[in-house]
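For clarity, chains are labelled A, B, C, D and E in written order, and residue numbers in each chain start from 1.
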Amino acid sequence: MNQPLLEVKNLKTYFPIKKSLFNKKKHFVKAVDGISFQVNKGETLGIVGESGCGKSTMGRSILRLIEPTEGSIQFEGNEITALNQTDLRKLRKDMQIVFQDPFASLNPKMTVGAILGEALATHQLEQSAKERKEKVKELLAKVGLSPNHIGRYPHEFSGGQRQRIGIARAIAVNPAIIIADEPVSALDVSVQAQILNLFQDLKETLGLTYIFIAHDLSVVKHVSDRIGVMYLGKIVELSDKKQLFRQPLHPYTQALMSAVPSLDPDVKKERIILTGDVPSPSNPPTGCAFHTRCKFRRAVCEQVIPSEVVVAPGRFVNCHMYDEDYRADFN
Amino acid sequence: MLGNNPTSLVYPDPIDIETKTQSSVAHFIKKMKKNKGAVVGAMILLFFIITSAFAPFIAPYPVNEMKFEDSLQGPSMAHWLGTDEFGRDIWTRMLYGGRVSLLMGLFAVTLSGTIGVILGVLAGYYRKLDIYIMQFIDILMTFPSLLMAIAIVAVLGVGLTNAMIAVAISVVPSFVRVVRGSVLSIRETEYVEASKAIGVKDWKIICKHILPNVASPIIILATLEFGSSILSAAALSFLGLGAQPPNPEWGALVFVGKSFLSQAWWMTLFPGLAIMLVVLGFNLLGDGLRDALDPRSK
Amino acid sequence: MSSYLFKRMFTMIITIFGVSVLVFMIIHLIPGNPVNHILGDYATEESIKELEMRLGLDRPILVQYFSYMFQAIQGDLGTSYITGYTVVEEILNRIPITAQLALYSIIFGSITGIIIGVVAAVKKNTIYDQLAMVLALIGISAPGFWIALFLILLFSYQLSIFPISGYSGFYSLILPSITLGLGTAGSIARMTRSSMLDVIKQDYIRTAKAKGAGSYRLIFRHSLQNAIIPVVTLIGMQFGYLMAGAVVTETVFALPGLGSLIVSAISTRDIPTVQGLLLFMAAMIIIVNFVVDLLYTKLDPRIQYE
Amino acid sequence: NRSKETDANKGKDREVVVGLVSEPDSVDIHRTSSTGEANIPLYDTLLKLDNDGNIVPNLITDYEVIGDGKEVIFNLKEDAVFHSGKPVNAEAVKLSFERLISSSPFSTNAGDIDSIEVLSDYSFKITWKDQFAPFFINATTPFLAPLDVSVLNGEGEGFEKNPSGSGPLKLVKINRGDSLVYEPYKDFNWESQKPGFDSVKFRFIPDEETRILEFKKGNVDVLLNVPYQYIEDLEKDSEVTIKRVQSDTLSYLGWNNKQPIFQDVKVRQALALAIDRESIIDNTLNGEAQAVFGPLPKTVFGYSEKIETMARDKYTRDIDAAKKLLAEAGWNETNKDGVVMKDGKEFSVELWVDDDPANQRAAQVIQNQLMEIGVKINIAVKESATIIEQTPKGVHEMLLWSYGWPDADVLNFLLFGKDKSKRLHYENEKIYSILDKAAIEMDQEDRSKLYEEAQEMLVEESPFIPLYVKENVTAIRNFESFDVHPINNTIEWTSVKVKE
Amino acid sequence: MTIELIKVENINISFQDDEAGTISAVRDLSFHINEGETVGLVGESGCGKSVTALSLMGLIEKGTSTTEGEIVFEGEDINLYAEKKMRSIRGNKISMIFQEPMTSLNPVHKIGKQISEVLHLHGFANKTNSKEKTIDILKKVGIPRAESIIDEYPHQLSGGMRQRIMIAIAMACNPKLLIADEPTTALDVTIQAQILDLMNALQQEYNTSILLITHDLGVISEMADRVIVMYYGQIVEQADVRTLFKQPKHPYTIGLLNSVPNIDSESEERLTPIDGNVPSLGVIKSGCPFRSRCQHVHEKCHKKNPPLFKCDSQFVRCWLYEEQGVSV
């Protein structure tokens, strides 16, 4: 029982941006650049990071919706990257995804019944059309929608309801793990709360495992057991939630946390204002990718790519500050 | 804290009150009806379709009967739109000609649409095929349609069907381009990705997700091309590649009438107007369709 | 940029090569050959055989193709079987008229089309809009010779402002350019309208309004340049069509342009001329499209060719 | 600079502008069969036809047939000069013939020449391998006219850009696709008067309507081949004179005689009986044509009044007779559409016609006329290039076509000769032998007899239906005098005099 | 000493809709903004925040919509201004920043031109000094390499940079009032922090009033002096920022605050969302529009839409406060 449900090792996904006939040298956007983590059954791994840092690409690569360039992904001990299309299609049953934009992820020309029915039919989960319909109604009820909505089109729903449909589609095939790619970012706070609760309920009733991607730290904090902080294609810090919030280690994590506005007008946080912009993954800085914005930066940061420093069991950080070898530089 | 009880809604959700589920067809028709242009367009087309369909019953004279003593007469009570050089009734010939011209447009658009959609979907969906298909389309595009038409007719023989094939082939590139463009963007949508994530097979994705969503650009293009196909077919019949005399295809009527322009303007004017009206009708309808198919429009 | 140029050149060569193959196939596929035309109705079997041999038409098709392409690569497009002129001469003879005609009609069509389209978009759903669009549709759907004859009768025959037909400088190309340009104007007007309507909805137009910009500024400074980008593609495509498709106009106005040359070359089965001309036109169309693409980068800084 | 050119021409007051449909493919007569007003006047012919159709001296003053007729000595006029200034002497004519024989596809017009011998400056002898009777009539056409080989480049080409003949007009300027400009050649024999004009411009205006408008507006002085539907209109204009000359081209309704359906002479006769030529002429050509019943039109050597009368008597329209003949041939049932049937098959044939509007109209009238005897015609419009190429292969059924040749030999080499019946595919050994004999018969009287014999058989056999010769209609304005040759339809430039 | 800069009195904004007839997007809205004050406007999507902002700019399309009521700015009712006069105020005395930095800049014009345009329009620069002024402004909003940035195009800049350009445009003419419609919604939190910082700094420097529109309660709590909560086209609660967050009164405001996961709290408890959804505009004709989602609904709520009640310094539109409050 010690085997993690999902184990990702050194995952890399590069997008070629220049591939010309005469120019053999290829340029890449290193959207995901060497990520490793494990997810255990029943837990929720939260992933935060700024726009463009590779969160979605990572999620899609794990599902092989984008072919990863390198690395290993093991689901229940089976190597996913080695599967052929037919086997992959079978595996799809076990791993599902929920997208950010509830409108874009639903085909505007299909009714809810058809959308959910498609999922069922693909894996022959229900044989007859009638059974399928019953199952669809059941699913709708499960996500808090009225079974009468079966004949409606996506545009006839509100944003929150659409997201419920997206979730219903994901759970239709009884997956073991769901990758939720910013499922609440497009929603109003009140609706967001409904959906977050729904995720929690489903986790409890169906025993689901989540990888929950978001850029909103407070949301991630609310739903996750462990949290990975991403920056420019890498996980710079991964830790148990409580520890992370009590004591963020990576300078980026620190900045991120301080930047989240507080709900209490009396709390005036000491904000760490980062200077400069997020560098581009097609042209990442040398050494530590964060050094351009880091106030602790030292010469070594510009030259040496930091490696994972395990600071506590189940917690690592990608920063020279915590590396025995370089600690001296930071004093 | 105020209590929370997610299911105890005392009053019905206002959204439920509002959106009575309406069949998409009814909704579509309702939208179309509200578009004045589309209604006018549809009425113009309906007029020509009905009159052509019932030509044998409506037409006052036999279509090819020559009455030399009546030749080149202007519009009158006996001959509403005048007569041609052989005393044939122009109105009658236009009625019959409509059957050919409208069918011709329909055939050309259907054929080119089918080929164009297949190629466009393949090029847009399977990126590896893209470069080959588009290269082929580029070649086709730089090719004068006249030569293509002559060649096709030469290989397949003279005749209406072959002329239509020629016209259809010259329209294929525009379909391919439009469809490919749309497929490229739809292919990247999250609902396609979601289907892939579920494990739906490619051909099912194409049929269920891609095609229904490229339908609206296809329909608009089709309505545009319908009119221009009739015009191209007319140009072909001028070269003897389309409808053969005495078949009263509209384009042929226009071009034959040209020789008699100074004595009998009605010979070319009325068929020409018919073509223009049909083109107008289709364009109006196309614009209406675009609005009606746009989910953002109400 | 240079690798992009290379890529374009490469596809251009492939396309032209494809066109050449297709032309060659087609021209040999269609019945009738130049010999029939040269010798006329009264030719004897022997004279046909002899002339076929002299022109090299008795050789296997592949041999004919490769020897033709071999010459073509060296810039020799051959000599017309029919007229005795070299194909290059024939093209050079006609290109001034065709090029001017295409250019003027594009200019005329673009300007009127864009104006009509802008008016229609700005006055959306008013009588101006409908009028403009009906005008555009008439431009698209009226048979070319109607417009041509109407213009001739009015401006040349009755008012004696322009020559009726023939080429005698810029003046004589005005009516033909209008004739051709009207169809172009129609398509451009429609495209401009819908593109303008799209642009007007954009956020940056709202920004411009928020800056206090007036309506002229909004239309001409902010909307038009954005709206014109898809229109430019259309203009590029129209150019190709004008190169070859001006047959009716050239006929009515008795202008010796490429359009009428290609038609007569096809009907006389003048293989070298048809081939040379089509290769030339394909190259022109590709070049124009290339120029259009470059123009994009000027109009839309977001587009960059690497 | 083209416009300057036009302006300069306008300065000259006696410019003649001729409006034509299309440009000749080339002005080099050894390279093209496309001849017309715009290139014929470059050439002066060896012999010519007088207004009655007799062959009379022109460049050749006289000739002498020697021996069995395989050798002929020709004497040339001594004062003729090419446009280049070189004399038209025996040597020059010889060189011209040699070019014709060696490199022109039209060498057959000269016959199978064995040798050409220059006897003196202005005298030469031609020796044929076989007697070649049509030579003299052919020598009246520009195909055999001498051209000046001294202007050719090293490869024997380049004539189309820099032509030099000895005809009345000298080429001044070529505006490709637009116009050819000539001036009267001062050294041409203008029959003791001065040329009545200063320049001639042939303008090529393909569109009928435009051409007419240019003429009406006065920008064009001579309008050739006036479309029939405009004649009436032009006649109303008092300044305009209409000239009509019967063309030498016979339009006929032919068919592929090898097709089983046409093998029965009764069928062929029935078809002929069903045609009403006057109706076709009146309704498609505005009456501007003469009906012809016999195989040869009036203007052609070999025409016989007797044959024409006989054919007219035999084939004047008679529907009942036609139907009877069809019935006798087995076409005795009629289906619901009124089409006759034999063995359950309809009499339905495809008629090929070119893209000329007048011909397409004629085809429709013919279609209607044949329908009256239950014969169904499907019209198929084809490019002429296609028709010319396809018909010798015999893939066609029926066609509306024409021929124009000044000599009865056309019956042999084009219509009915052995292996030469390209359009009609008619096989008749008896006719072959008569036509073969006539081709080499040097005595014109005997030749006529032979052709009469052949024509009598052809009328009886009805392998095609001669229909009419069209009227060549020319409209002119502002001329003091302007003649068109009554036989070959060309403008007589010596007679042209512009009104001052 | 507070000086009232702008006062909105009873504005009603409605749109003509082909199907539903007249839809009123904003109803009887009244508020004011003092000089140098930041007023936050919160509410869920579609509640009429942007429409309100646009009406202050006179940017609501005239043809299909109507704006009734008074918008008194510096003593004059600008709602009555003709388009031309309004133009001289837009971008000059009142300016606006929009939510989408990615699409709010014209993609085909250079940055410099887009900034100098507003200067030219309002006579703050002429041909000779416009470049220099443009660079000045860019520097003020903290753009590095200002000299070269003016020749670049929007697509070459990151989202944060673009939003700064938008602020530069808005601040170029030293406006009295800056309307910021969700200025940071599309940005990352670290960038958001930069932008908010910048806005604060500029406000300090020029004493500009800010109408800050957002649905992010955190941003409001950090930035605003006073907060207006909107629901369904109406103000449902108005209070100074501390009062609002410490003692929210309207059930909707309470619901909103309960919906947000609090990053500062260590508790793992479930969130308590507001039930149901915002009804579509035009559906509710009478009564309290929040009643279908409210746990405290009683008879009166169905009958009549409550007026705003003033309870101390706070305004609440809810029958629950009928007794305590004073109707206004």
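As a working rule, a residue touches a chain if its C-beta (ideal position, glycine included) is under 8 Å from a C-beta of that chain, and two chains touch if they have at least 3 such contacts.
If you want to know which protein each chain is, UniProt gives these names: A = Dipeptide ABC transporter ATP-binding protein; B, C = ABC transporter permease; E = ABC transporter ATP-binding protein.
Quick caveat, the model's predicted, so the values are computed rather than measured.
Participant: Would you pick out the chains that touch chain B and also touch chain E?
Facilitator: A, C
Participant: Is the number of contacting C-beta pairs greater for A-B or for B-D?
Facilitator: Result of the comparison of A-B and B-D: A-B.
Participant: Roughly how far is chain C from chain D, centre to centre by C-alpha average, rounded to an integer in Å?
Facilitator: A distance of 38 Å separates the two centres.
Participant: Quick check: how many Å separate the C-alpha centres of chain A and chain C?
Facilitator: 52
Participant: If you average the CA atoms of chain D and of chain E, how many Å lie between those two points?
Facilitator: Using C-alpha averages as centres, the distance is 89 Å.
Participant: What is the distance in Å between the mean C-alpha positions of chain A and chain E?
Facilitator: Using C-alpha averages as centres, the distance is 32 Å.
Participant: Mind pulling the residue numbers of chain B that touch at least two other chains?
Facilitator: Within chain B, the residues that touch at least two other chains are 6, 15, 150, 154, 258, 261.
Participant: Mind pulling the chain D residues that touch 2 or more other chains?
Facilitator: As it turns out, chain D has residues touching two or more other chains at 209, 383, 386.
Participant: Which residues of chain E are in contact with two or more other chains?
Facilitator: 255, 258, 272-273, 277
Participant: Along chain D, where are the residues that touch chain B in the complex?
Facilitator: Touch residues, chain D against chain B: 208-209, 212, 227, 229-230, 233, 279, 282-284, 354-355, 357, 360-361, 363-365, 367-368, 378-383, 386.
Participant: Note which residues of chain C are touching chain D in the complex, please.
Facilitator: Interface residues on the chain C side: 30-33, 35-47, 50-51, 54, 82-85, 90, 93-94, 145, 149, 152-153, 156-157, 163-169, 171-172, 251-257, 260-261, 264, 267-269.
Participant: For chain C, which residues are in contact with chain E within the complex?
Facilitator: 202-204, 206-214, 221-222, 225-226, 299-302
Participant: Using the touch definition up top, name the residues of chain E that touch chain A in the complex.
Facilitator: Answer in residue numbers: 44-45, 158-161, 188-194, 196-197, 215-219, 221-222, 241-242, 245-246, 255-264, 266, 270-274, 277-278.
Participant: Which stretch or stretches of chain B touch chain A in the complex?
Facilitator: 6, 15-16, 19, 21, 24, 189-191, 193-201, 204, 208-209, 212-213, 215, 295
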